[in-house]
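Got some structures for you, see below.
Below, chain A partners chain B and then partners chain C, in two separate complexes.
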Partner chain A sequence: MSYFGDIASATKTLISGMKITGRYFFVNFFTRKEIITVEYPDNIDTLKMFDRFRGEIVMYHDENNQHRCDACTMCEIACPNGSIEIIWDKAINEETGKPKKFLEEHIYHLEMCTMCGLCIEACPADAIMWGQNFHHATQDRSHLTKSLNQPGSSFIPGYKNPKK
Partner chain B sequence: MTANKTIITDFLVDQMQMPVDIAFWVEIVVVAAVYLGVFALLGLFLVWMERRAAAFFQQRLGPNRRGPAGLFQTIADALKLVSKEITGTEKRDKFLYTIAPYFVIVTALMALAVLPFSQELQAFDINLGVFFITSVSSVAVIGIFLAGWASNNKFSLLGGMRSGIQMISYELSIGMVIVAMTVLTGTLQLSEIISFQQEHGWSIWSGHIPAIIGFMIFMIAGTAESNRTPFDLVEAESELGSGYHSEYSGMNFAYYFLAEFVNMFIISAMVVILFFGGWLSPFGITDGIPYVGVFWFVFKTLGVVMLMMWFRWTFPRFRIDQLLTLEWKYLIPISMVNIVFMALVVWLGLTF
Partner chain C sequence: MGNQQFLADKIRTQEYHLNMGPQHPATHGVMRMVLKLDGEEIRDVEPVMGYIHRSIEKMSEHITYKQIIHLTDRLDYLSSHQNNEAVALLVEKATGIEVNDRIKVIRTIMSELSRIASHQLWWAVMGMDTGALTTFFYGFRDRELINDIFEETCGSRLTMNYSVIGGVRYDLHENFVKRVKDFIVHFRKKLPEYDQLLSNNVIFRKRTEGIGILTKEQVIAFGMNGPTARASGFVCDIRKKIPYSAYDRVHFEEIMATEGDAFARYKVRILEMWESMRIIEQLIDDIPEGEFKVKTKAVIKLPAGEHLQRVETARGDFGVYAISDGKKNPFRLKFRSPSFANMHGLNKMSEGTKIADLVVNFSTIDVVVPDIDR
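Our next item is the complex of A and B:
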């Protein structure tokens, strides 16, 4: 490009950049409309995290306090750092009369979890999913070891995993 | 401060029954203290302004907790810096390391002293005003260079070297723009430049095309001169840590930090004096009223400061070769041609 062409195109491109930031400034200076940051501790009551935010692993429970986990331990195997422990037992299934695994406790060590999501991908039954809570600070490390199935919950009877 | 001097000395001599000699020295001390206070407050205010403006440019809110709109945030920061330990590298050159910040501070203060805040409020109306400001602010580069050298740290040294390259080159085009504007106004004295503009309209209007070209060059070179993005190679965080002041802590660091912002104010004030009529009000609406000029001067200067902040938060940083290409291949030839152009315009009487 020529000497003067350079100057002209430089001026043009600089002005087009300044237009964008200038618009941001005036909009935000007068109306605060396009501010994308939030004032965190103040808005704690209304704060809604994004659906895809990775806060912790939670287990889906329906309204009857029933979950979909059949204790297959796929998530436990998938987890690269052993954050998940499945405690299961066997019981006679009334329908078929055969012994069947059931979940006793799904133990989740939040303090070791790297939020990689491999357990959720591995779960064939979509029993576990991302929770958006991020207020994890506690006084004691033992509070970070969580039991994902709620007390008294049970397997949805007859639930068939669609992927299997 | 011709007018203000008489106010203070008159007061001291008449009311306090002080001998004239002592009153003279007391007055010097008072004015110096006032300017030091202005320097500190101005620096703190500009840092706050920069943070708020930067936040809005980036769709953030910026500091808004301490005081109204976060105004006391920088005061809190300054208190924190005062309370910090002053450390340094083991093998630094102690003498140079210690005096380096004062070069920057003192030159900024000296340049501040000649600025005409209004017709009545000017500490030092020297007849070489513009020349004085440019020559004094070129001494600031020594402070930066010494800091880089004396820290005995290779990144600081690189920062110092870069500042040498950058400030010395860009001073050339600043000087040439000043020469062009001097051709128009016919004087170097700051108060005379403004009274010229009072008669003929602001220079950017009476000098039209060459003045506008000069204004653009001055803005670019002034931004480079005050070491601000896109010309902040001197303290490029991603390349040099923080450049020449990497090894400074506490108040010594704060001196550099404040001086940078005050230098920005001084450059903007120069722009306002040379191109936008200094303390003159638009269309002369308040020109008769004393001291209102302060408002217009500060208002216009903060407008130019705003423009520099706008540059800073829009443009990415230059590479060092691009920086030198811009100066030596573009700004200097254009400003040289601009002097001739301005001379022709003035000679042919094409000014307004």
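Our next item is the complex of A and C:
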């Protein structure tokens, strides 16, 4: 192809490509139909993540500030990278009179968690679940180490896990 | 001419070395290439790898098979579903776990969606590497729909960890079928635009046609595979050769080209997106009923010996090779990653081309750097 022929065909294909970009520009400029981008912090009130979105691990607490975790440490074993540490102690159960494990602190290292979901799958009591918060950015790494059981919370007395 | 001859006699010229990367937009990640140049012409390309080596294979020796799956997400993050599937299939084959049709079909649909998403991203970046920024936005616009499908069903957009041993982690979301159908309708309209925008553009054609030619023999000698090798006429689709999951029941073409140049590699990937949509359409209407996960033992141990499973990711033949000594973690695990194999062809491809062509060649072999380094 000649030099000028090349230029002519390049211009032709450029115009055919610009037809698409031009159409998107003008149609969306007037109708705003196909615009899919959103301004992120502005839509924060209406922004809803999908139900299954994996943002972080949270522990279920009922209205009396009670949780279902009996410190069985299954989640700690299942975690591939040691993001979970369970601190437990034993106390005498008043009903049976036998010593029983109870949860002191469920430590969760968000900074190491890969959101694989193995801990949730392993938990026999459904005590932990996915939370949908994704605003995790922080200045200090230590802010990401969390205690999942709320202060002052306790085990639901006599909670029997349905799967066991 | 006389003037040039005069200069060539007077001025001493020599080959020199130039670093490209490790932080360079065209290397698609942390990868360094040492170029040996004569003027602007490339004499030799030496890729230097290992900048993001995370020793995933070694880590796998200390964790259970269930836990290994989530590490494979971090190899080729654009084909994470196929990588998960490879480990799941390996364990299922070795321990004799039978999965039902529903699981097979779900896995196949997810794999093909990942393939489309991966090729969309590649197309977006390919355009950008050759100087067309618009493609970047259009590619990401369409990929967003697939990411939404993944997020709704699997809970995450990139590192899905969805295939598990004996099935899939969650059942399909109730909106899944509708969303996939909507996507296919949408993308069948948009894919011709890709051609109009980039494939037919004369400037793009001039930059890709006849550049970086590899013959079939060279491709085989380098151990290359996937769309990159198929563009040179090497029949190597694992989905056809060793069908796994539901690939034995769907009809699709193995896309081939014979030219072996950069445009052939481009063309193969564009046509593969059409084929993937064809596969999804055959399966989406009647997903069989059944469990989404079969019961497995709590502790999974592989029988002692060697185990191998190959799958076709968006980049080619991904293999998992495990040596087990009967314990709950592998004695040795090896991932055969397609990006690493395809990387070998780059030097041969780039011989005698210009630096700008190296960017095109690198883009058309479509490597993912964490997949090379592992």
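By our rule, the second predicted complex is superposed on the first by the 126 of 164 C-alpha atoms of A that agree within 3 Å, B and C clash if a C-alpha of one lies under 4 Å from a C-alpha of the other, contacts with A are read in each partner's own complex, and residues count from 1 in each chain.
Here is the rule we use: contacts are C-beta pairs under 8 Å (C-beta built on N, C-alpha and C of every residue); 3 or more make two chains touch, one makes a residue touch a chain.
Nothing here was measured: the structure is a model prediction, and the numbers come from that model.
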| item | value |
| --- | --- |
| Touched partner set for A:Leu118, first chain B, second chain C, both or neither | second |
| Which of chain B and chain C A:Ser9 touches, first, second, both or neither | second |
| First (chain B), second (chain C), both or neither touched by A:Gln139 | neither |
| Touching partner for A:Gly22 - first (chain B), second (chain C), both, neither | first |
| Which superposed partner A:Phe50 touches (first chain B, second chain C, both, neither) | second |
| Residue contacts with chain A in the superposition, chain B compared against chain C | C |
| Chain B versus chain C as contact partner of A:Trp130, first or second or both or neither | second |
| Partner chain in contact with A:Pro80 - chain B first, chain C second, else both or neither | second |
| Partner chain(s) touched by A:Thr96 [first = chain B, second = chain C, both, neither] | neither |
| Touching partner for A:Thr31 - first (chain B), second (chain C), both, neither | neither |
| Overlap of chain C and chain B interfaces on chain A (superposed complexes) | 6, 14, 17, 20-21, 36 |
| List of chain A residues in touch with chain C within their complex | 6, 9-10, 12-14, 16-17, 19-21, 36, 50, 52-54, 78, 80, 114-118, 121, 130 |
| Touching residues (chain side chain A, partner chain B) in the complex | 6-7, 14, 17-18, 20-22, 24-25, 28-29, 32, 34-37, 39 |
| Chain B - residues contacting chain A, complex | 53, 55-61, 310-311, 313-315, 330 |
| Partner chain A, residues of chain C touching it in the complex | 63, 66-67, 70-71, 134, 141, 144, 148, 151-156, 159, 161, 169-170, 173, 193, 196-198, 200-203, 206 |
